[in-house]
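Input: structures, listed below.
First subunit A sits with subunit B, and in the next complex the same chain sits with subunit C.
Right after this comes the complex of A and B.
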C-alpha cells in the first residue's frame, strides 16, 4: 500500500521533527491484545457479582397469554426474576430519544406480544450463570402463536399479519413503518431519452455483525451514592448513557457508562439494548453487581442485522454510456423493530448513487416490519445494498450497448474540473481521485489482457462506490465528536474521548495527531478508557467517523493545548509565542531544536510553580474541542450533503466457478481507495481488508436463514457461514490514491467501511462474466450457483438470471409485473406540483 | 451446561459398570468435541460423564495378525495424522488423510474416531469411510463383546446401534488385500465445516480391471448409505470417463431418487453426489491403474 505523503500546507501546528501522521506506527493496542491482557466485557469480575440470563421467545410471533415467574424464584440460587408486565409504567419504552426516530417500540420484555424469535420474555439473576439458566427454564410461559411474516413483500399485503399493533406511525400504516423518497431531476424524461433502460429486481440478504466479542454488560448500582455504573460492550458511551437514564427515569449524573476492550461491533453495537436495561434493573433491585453476557444464538436472534431489501431498480443510459437516470422502489426490511433501520435506506440510497452524479433520481421506499431480527446499521450502512443493484445495472446497460464496463464507469465517475463540486443529489465532493482509483484498479487486475483472453469458468467484475465519512443522519441533527486533552505534570498526555475504539486503533491514530501537534513522543500519549464520567460528549464510533471527526476534534484540542504551553514557555524564555516551536518533548526557540524547555517542566510550572506563569494565565493544561461537521440536513426531495467528505473505492474481482460443485472462489481481488490523507497506512489497510471480508460474506455465504415460521435455522457460528481467512484471496493488490479532504483540516477521510460497498456487486459482475448467470439474489451460495448452472444447461441458453428464471420462482419476473410503492400516486402528485413551480430547485 | 459428576474408569469393564450404575443419566465422553457442544446449549444434560481418557488400551493403532487395522476408539485424529506409512500402509493411509483434513486443529487434537462414529452425525467423515471400506466395529458391554459391520451402525441423526451400557472399543479396517484402491471425497463450505456430501469409493482389482467396487455416500441421507447398484456398474474393465459419469448418475439416483427435480436443497445434494462419486471413482481408478 502506498503511504500518504505528509501534508505540508493547511492549518494546524507545524511541529519540527519526524511527523508520525502518514506513517505505519505500530499499533499501541496490540501489546495487550496479543498478550491476552486486554480486558473484554466477560473478563470483568466484581466482588459480590451475580449472573443474569434472559429467557427469550422460541417463536417469532405470538400473543402473550401469561408469563409466570414464580416457579423460577423457587429454583436454588435464584435471587430475582423479572418479566414484562411488572415493568409497565415503571420503565419508559425507548426508540424515540433522538428526534424523529420512532415512537417507543422497545421495551425490556415482550408484554402483550412477541414480535420476533429471541425477543426477551423474562430474566433471572442468580449466584451462578447456571442457576440463572435453571431459573429461566422454570419460568412458565403461555404463548398463543400467530402467523409469522418473514418476507418483506408479504408484509406489505393487506392480509399480512400485523407486526406492531400498538404504534401509530407518522408516515406509514400497517406494516409500513416509514416511507422514503427521492425526487431529483426528472426520471421520466431520462427514461424517454435514453438509448437503453435496464431494469431488474434485486434482493439482498440479512447479514450479522458477527463480532467475536459478544454483546454484554456488567451493571453495578451503588445504593449509597445512587450511581449506576454500567460496563458495556458498546460502540457509543453516550447513546447508552442517555437512553438508559431516560428509560430508568433517573438523572444522567446517576448513570456512568464505561467501556472495556470491545472486540468489534461493525454497527451491531451502536444502540442500547434490552439486556443493558435488565442488568441495570437487577443491580438496582439487589444492590449487587450483575453480569449479563449474551450467548451467540441470542446475539444472532436479538442483535441487529443488515437490513435486507427488495429493489426494483432501473437505470437509464445514453448511447455513449452516460448514466442519465436511476429509479428504484425499495422494500426495506427492518425487522420487527429498529432504532436505526429507516436511516439505512436514506443514507444508503443518497450516498449509494455515488460515484456517479446522476442527474435524474427517483426512489421510493416502503420501510416495513417483519417478524424477524431487528434491522440496523452494519458496515456500509445501506450502501452495499444500493451498489449491489446499481453497479450490476451499469454492467447490464454497458452490455446492451456493447460498451466496455470499465469505459462506461470511467465516463461516469465524478471527476469535476473544480472542487468543491455539488452533485445533483446534493453531495458536495470536496476532493476525489475515484477516476484514477478506477483506472488503477483495472490495471491491477489486468482488466484488458484478461478480458481479451477469457478462461472458462473464470470472470472479472468491477464495481465502484463512495462511502460517506461520518453523517448527519436524517433523524439526528448532529455530527459531532469531542476530545479532552490533559498535559500531565510529568509531561505525558492523556486523551479522553467517548468514541469507543473497537478495532479502529484510536489510541494509535489520536496519539499520532497529538504527538505531531505537540511535539511530544508518541510513547508519552495515552488514550483513557471511554468513561462518561470523564470523557466529553461525542456520538460514538460508527459511520467511518473516527479519523475525520474525532481526529479533527483531537487536532483542535491539540492546537489549543499547544497554545497554552507556548504561552508559558514564551513567558519563561521572554520571547514571543510566534518565535517558538515544539518537538522532542520540548518547546524551543525556532532553529534551536536541541535546547528549549521540556513539556514536563512547563506542566509542572502550571501545577506547582504558578508564580512563574504569565500574568492572568489560567493554569489548567487541559483543553477540550468539539468538531461538528459542516453537513446538511436531508431536504424533502431526498437530496443533501449528508456527509462531510466521501471516500472512494474502486474494486475489481477475479472469480473462478467450479461447475461441478458451484463453489465461487475469489482468486484475485484488487482494491484502490481514496481515503484522503492516511494517518496510519497499516491501520487503514487492515480496515480495507476487513471491509472486503464482510463484503465477501455478504456476496457469497452469509445470510439469516429462516423457516416460514420465522425461526432462524443458522443462529450459531457452526451454521452461519461467516468468511474465514482460508477463503480470502491474498489481498496484495491494494493501494491508495489520496485526494486529501479539503473540508477536514487534516485531509483524512473515513476508512472503515469503504472496503465493503463495492464487493457484492464486483463479485456479482464477475460471476456473470464467468458463467453467464446474473444473480439477482444474495448470497451466491454453491447451492444456488450449481442449480442455476444446471438450469442454464438444461435450457441451452447463454444467460440466465437466478432466481428469476428458475422454474420455481414465484416473484415478478419482468417489469410489467412489478408492484408499485404503496403511496406512489400521492407522492408523485405532491412532487410534480412543486417541480413545475420551480424546475431549478434541487438541481 | 448442567452440573454433572466426572468419572474416570481405568478399564472398559469399569466404564461399562459405571454406565450401568448411573443409568440413565450417564454418558461416555471421549474428546468432548460433539458432546460438550450439546451440553453447552443444554440439548444434552448427562448427570454423569464417564471419561474414556484413562481407559487402558483404548487409544492407539495396530495391525492385527490377519492384516486388519485395529484403531482404538479413543484414538484422536491428530494421533492418526502422525502415523507413517509403516503403521498406515496402502489404502489404510486414507484414514490418516481423512483425519488430517477435517474440522480444525483444536478439534482434531481432542476428537476421536469413536466419538465420530458414536455421535451419529450424518455429515461426519469417519463413519462414511468406515462404511465405505466395509469396516467392522468392536463393542463391549454388560452383555459381552460383539462385532458389527460399520455399515448400518448409524441409523439416523444422533442414532447409533449401541446400547446405553456399551462402549465402542475399536474400528477395524479390513486387511489391505480386501481393497486395492480407496478414495474419499467431500464438499464443505469452509475448511472446518462438516461435509455437505461425502463419498467413499473402494475398488478391488481383478484380472483386467475392477473385480469389486463399493460406493458409499454420506451427508445426503440420514446415515451413510451404500449404493451397490451404481457400484456394480464399475465392475469389469477399468471405467472410462463415460462409465464413471454413468455410475455417478446412477449413484445420485440411487441415494436420492428423483433428486434432480426435487427442491433446491435436495437437487444440490443430488448434484454433489454425482460430482463427488465421479471424483472418487476417477481417483480410485487412477490408483488402480498405477498399482
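Right after this comes the complex of A and C.
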C-alpha cells in the first residue's frame, strides 16, 4: 500500500461524480494532426510496396465487348493487370450483405455491362504510380454505348433503358430496386377534414461527401500465415472485414483490417468498395504490399452520393394550425447500384416526420436505379430531403391560413405531458426540449422584430427536425457497439474499439468517460487504433452513434472495470467495496481521498501477484461491454421506434438575395439544439457547425451535374462548389437546451447530423420570404434564382413556385396523375457561374 | 529523370526523379514529410500548402523540377521540436502532482501559436485540412498582424474544410494573431 503525496494542482478531492464529462477537454487527437505526424492512408509506406491504379469507364452505360489487358502487361514497370472476366466465378459479388434483401449487385469490375461513368474496368499494379497510369492507358477497351438514364422519373417509364439486367428484385421490377410504404392513420380522412391541404413537387440534389482524405487502402498479404492485412480509410472495420472475406471466400480470421487516421467520411466511407478488393487481389497474387489511393475525380464519379429524390408531397392542416396529415410519393434515386441507398428513404421518412407527431401518414416510394453514381449514406441520411419538403409545406399551409410559421411550429412540435411518449409513427420520445429550442432559436434570430420591419430582398425562415441517434436499420437487425478496456500494470488504460473515429474525437470523448468512471487521469487513457485483430465487434461509426452508443458501451465497460478494481482494493484494505471510492488514480476509503492504493498497484496485483487477489477473482483487469440499443424493427406499416433517442434541432435562417446576381447570402443563422448530455461541448459545437456547412452546400451550391449521356460535368473541386469560408456566416448564434436521454445511461444524444437536417428547408423558407419565390429544387443556384426572378416578373405574380409551379393539382397518388410541371425555362445548372453575369442575358 | 535538390525543413534532399514528379510528391515521397496532404491535386483544396522560398504555395500545382534549389518549409517545420507527438505518461511519483486538464495540453512554447490556438479552439476535427490551413494562415498572419475575421475567411478561401464549418478555424487564427503580436500572454492553460 502506498501513501500518496498531497495534491498540488488539479480538481479538488471530491473525486466522485463527473469531472471531465461535460467539459471542453482539449482533444487528445490534436498533437499528431497539428504537427503533420498523423498517418493517413496515403502516408503508409511498407517495404516492397507497389502501386495500383484503376481504369474506369468514361461512358455511363455500355455493353462490354472486350477488355484486353495484354498490352498493359508490356508497359515497363507493370507487374500485374486485372479485369472482370477472369474474376467471374472466383470472386463473389456483394451488395447489401447483411440484409434480408440480399443483392449481389457489386463486383470489382464491370463484366458484361457498364452501369455508370467511373465504374471499374481494369486495374494495373506497377512499381510506381506513373507506371501504373501508363499501364492503364495501354488497356484496350471496346464498349458499345447504350442510352443512359439520368432522371429517376424517366427510369420508371416502361421504355426506359434497363440498368440492372441480371438481378431479379424481390419487390421491384424494371429499374425499381425496392418499394417502401408507410400507412399510419387515415390520410384520406385527414384530407377531408382539413382546412387546407398544400401540395408540391420537390426535388433534391445528389451531394458528395467529398471528405478531403481520399478513399484508399494498402493491402498486404502474408503468404506464410495466409493473413491478408488491409489498411483502409473506412468508417467501419468489420463491414470491410466481413464483406471482403466473403467476397474473397477466405475465413474472416485471415483478414485483418486496420484503420489509420481517416480524414472524414460523412457516410461516404461506410461500406466496402471495389478498390479494396482489387488491392487485396493484387497483393495476394504478387505477395507484395499494394497501395491503391483514389484520385479526386474517381471519388466523385464512383464514390457514393446523397440520394436525390423527387417528392410529391402533401400536408393537411386544420384551421387552428394543427398538422393532421402528410402524404408523399417519393422517387428515390439510388444510382446504378447501392449498398445502403434504399435504407435512406426508410429512415429518412420515418424519422423525418419528427418533430411532429402527425397522426395520418401515407407514403409510397419507388427506389430506382439510374446510370449515375451509386447512392448511399451522407450526413443526415434522408432527413434533409424529407425536411426540405415537409418544412416548406408547413410554411405554405401556415401562409394560406394566415398563421405565423413560428406559432404553427410551436403548436405542433412534440411536447408531451409525460415521457416516454410514443408518436403515431412509432417513435418513442424519451425526452425532448424541441419546443424550447424553437422559441430560443426564433429569439436568437430576432424573429418578431425582423418580421415586423421587413427589408427588401431579405427574409427569414425556420425549420425544425429531430434526428435519430444511431439506428436499427430496417435491413440490419442490430444497433451495437462494443468497448474493451484494460487497466495496464503501470496504471494506464487502453480502450479498444472498432468504431473508427474520423473527426468525431473518440479518443478524447471515451477517455473523458473512462477518466470519470475510474478516477484515472485522462492523459493515462489511450484509444488503440481500430484493428479487427484486437478490437471487439462493433458496427462502425455512422448515424451519429459515437457518443450515445459507443459511449454507453464504454461506460458499461468502465463500470465493470471499476467493480473489479474495487473488489481487489476491498480485499487488500479489508473493507467492503461500498466503503471505497476512486479518484486521483487511486482507490481510497470514502472520506479519505488523500490516502488509498494506486490503480497501478492493483493492476500489478491482478497480473503479477495473483495470490493476493480475493478468492475466486479472475486475474487481470480487462473488461468488455457491448451495448445494443433497445430499438425496434420497422413494422410492415412503416412505423416503429428505429432510434434509441432523438436529438432536436431548431434552425432559423436570415438570407439576402442579390437581384442582380441571383446570389443567396446567408446573412445570419441561429441554431438551437437538444443533444442531451454533452460530453465535450466544444466538440459538439464543432459538429453542429460542420453539419450546417454540409446543409448549406446542399441548399445553395453542391450537386452532381450530368449531361444526358450520364457524364458528370463537375467531377472536380473546380466545378463542384464545396462551401468555402467566406460564404459561411459567423456561426455564433448557437446554444444547447439539453434534455438528457433517459434511455441512454449517460443521457447523450447524437450530435453529428443535427446540424444538417433543417438547413436547406430553413434557407428555402427564408428565400421565399425574401423573394416570393418558393424553390422546389435544390440547390438554389444564382442562375436558377435569376431565372425565377425574371419569370415572376414576367407573370406579374406575388409568389411563384419554381421550377415546378403547379397550382391546379388536387391530390393525386401516383406520378401519372400529376400535371406536368411548368418549368419556366430550361433549368441547366451552370456550375461555371460567373458573378459578373448580366442578369439580362443570364441563363 | 532529372536530379533535383531541395532543402526541406532545413534538411537538404537530392534525388533523381521522374520529371512529372510534383513538388507535393517530392516533399512527401522523396523527402518523407507527409504532413502536406493530397486532397485533390487540382490546386483547389489547399491541403498541400507549404512554404517555398517564403511564399505559401499549393505544392500540387508545381513540378519539383521547377523549384530546384528552393528552400521549403512544411507543417513539420512549424514546430520542429515536436516532430513526434509525445504521449505524456505519468508515473506513480507524479500521480499526485499533475492536473489532468493541463497534462493533455501541450506546453505553449513547443508549438507555433497557430497550432496552439487550433488545439485550444477545436479548429480541427479529422485534421486532414489542418496542415494546409496552418501554412496558409501563417503566411496571412505574418503579412497581416492585425487580421480581421473577414480577412481570415478570404485568406483561407482556397482551402476547403469539410468538417468544421470554418468557425473555429477563424477563431483560432484571431487568437493566434494576438499571441504572435505579443498582445496576449501565451495562454498558460487555455
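Note that in this section the second predicted complex is superposed on the first by the 785 of 843 C-alpha atoms of A that agree within 3 Å, B and C clash if a C-alpha of one lies under 4 Å from a C-alpha of the other, contacts with A are read in each partner's own complex, and residues count from 1 in each chain.
In this text, a residue touches a chain if its C-beta (ideal position, glycine included) is under 8 Å from a C-beta of that chain, and two chains touch if they have at least 3 such contacts.
All values reported here derive from a predicted model rather than from experimental measurement.
A.B. asks: In the overlaid three-chain picture, which partner chain does A:661 touch, first (subunit B) or second (subunit C), both, or neither?
C.D. replies: First partner only, subunit B.
A.B. asks: Looking at the overlay, does A:502 come into contact with subunit B only (first), subunit C only (second), both, or neither?
C.D. replies: Second partner only, subunit C.
A.B. asks: Determine, under the contact definition given at the top, whether A:701 touches first (subunit B), second (subunit C), both, or neither.
C.D. replies: first
A.B. asks: What's your read, subunit B or subunit C touching more residues of subunit A?
C.D. replies: Here the partner covering more residues of subunit A is C.
A.B. asks: With the two structures laid over each other on chain A, which partner does A:30 touch: subunit B (first), subunit C (second), both, or neither?
C.D. replies: second
A.B. asks: Thinking of the overlay built on chain A, is A:721 touched by subunit B (first), by subunit C (second), by both, or by neither?
C.D. replies: A:721 contacts subunit B only, not subunit C.
A.B. asks: Quick one: is A:526 in contact with subunit B, with subunit C, with both, or with neither? Answer first, second, both or neither.
C.D. replies: second
A.B. asks: A:786 in the overlay: touching subunit B, subunit C, both, or neither? Say first, second, both or neither.
C.D. replies: first
A.B. asks: Tell me the contact category for A:608 with respect to subunit B and subunit C: first, second, both or neither.
C.D. replies: A:608 contacts neither subunit B nor subunit C.
A.B. asks: Just subunit B (first), just subunit C (second), both, or neither: which does A:171 touch?
C.D. replies: neither
A.B. asks: Based on the A-chain superposition described above, do subunit B and subunit C contact any of the same residues on subunit A, and if so which?
C.D. replies: Overlap of subunit B and subunit C footprints on subunit A: residues 130, 295, 718, 724, 726.
A.B. asks: For subunit A, which residues count as touching subunit B in their complex?
C.D. replies: 130, 133-134, 295, 297, 660-663, 701, 718, 721, 724, 726-727, 782-784, 786-787, 790, 808
A.B. asks: Could you pull out which subunit C residues touch subunit A in their complex?
C.D. replies: So the residues of subunit C touching subunit A come out as 18, 20, 28, 33-42, 44-45, 47, 74-76, 78-79, 82-92, 95-106, 111, 115, 118-122, 124-131, 134, 149-150, 152-154, 156-170, 190.
A.B. asks: Quick check: in the complex, which residue numbers of subunit A touch subunit C?
C.D. replies: Touch list, subunit A to subunit C: 2, 4-11, 20, 23-40, 42-43, 128, 130, 209-214, 261-264, 266, 293, 295-296, 490-492, 502-505, 515, 521-524, 526, 584-586, 598, 600, 682-683, 685-694, 716-718, 722, 724-726, 728, 730-732, 755.
A.B. asks: Give the list of subunit B residues in touch with subunit A in this complex.
C.D. replies: 1-3, 37, 41-42, 187, 189-193, 263-265, 267-268, 271-272, 275, 278-279
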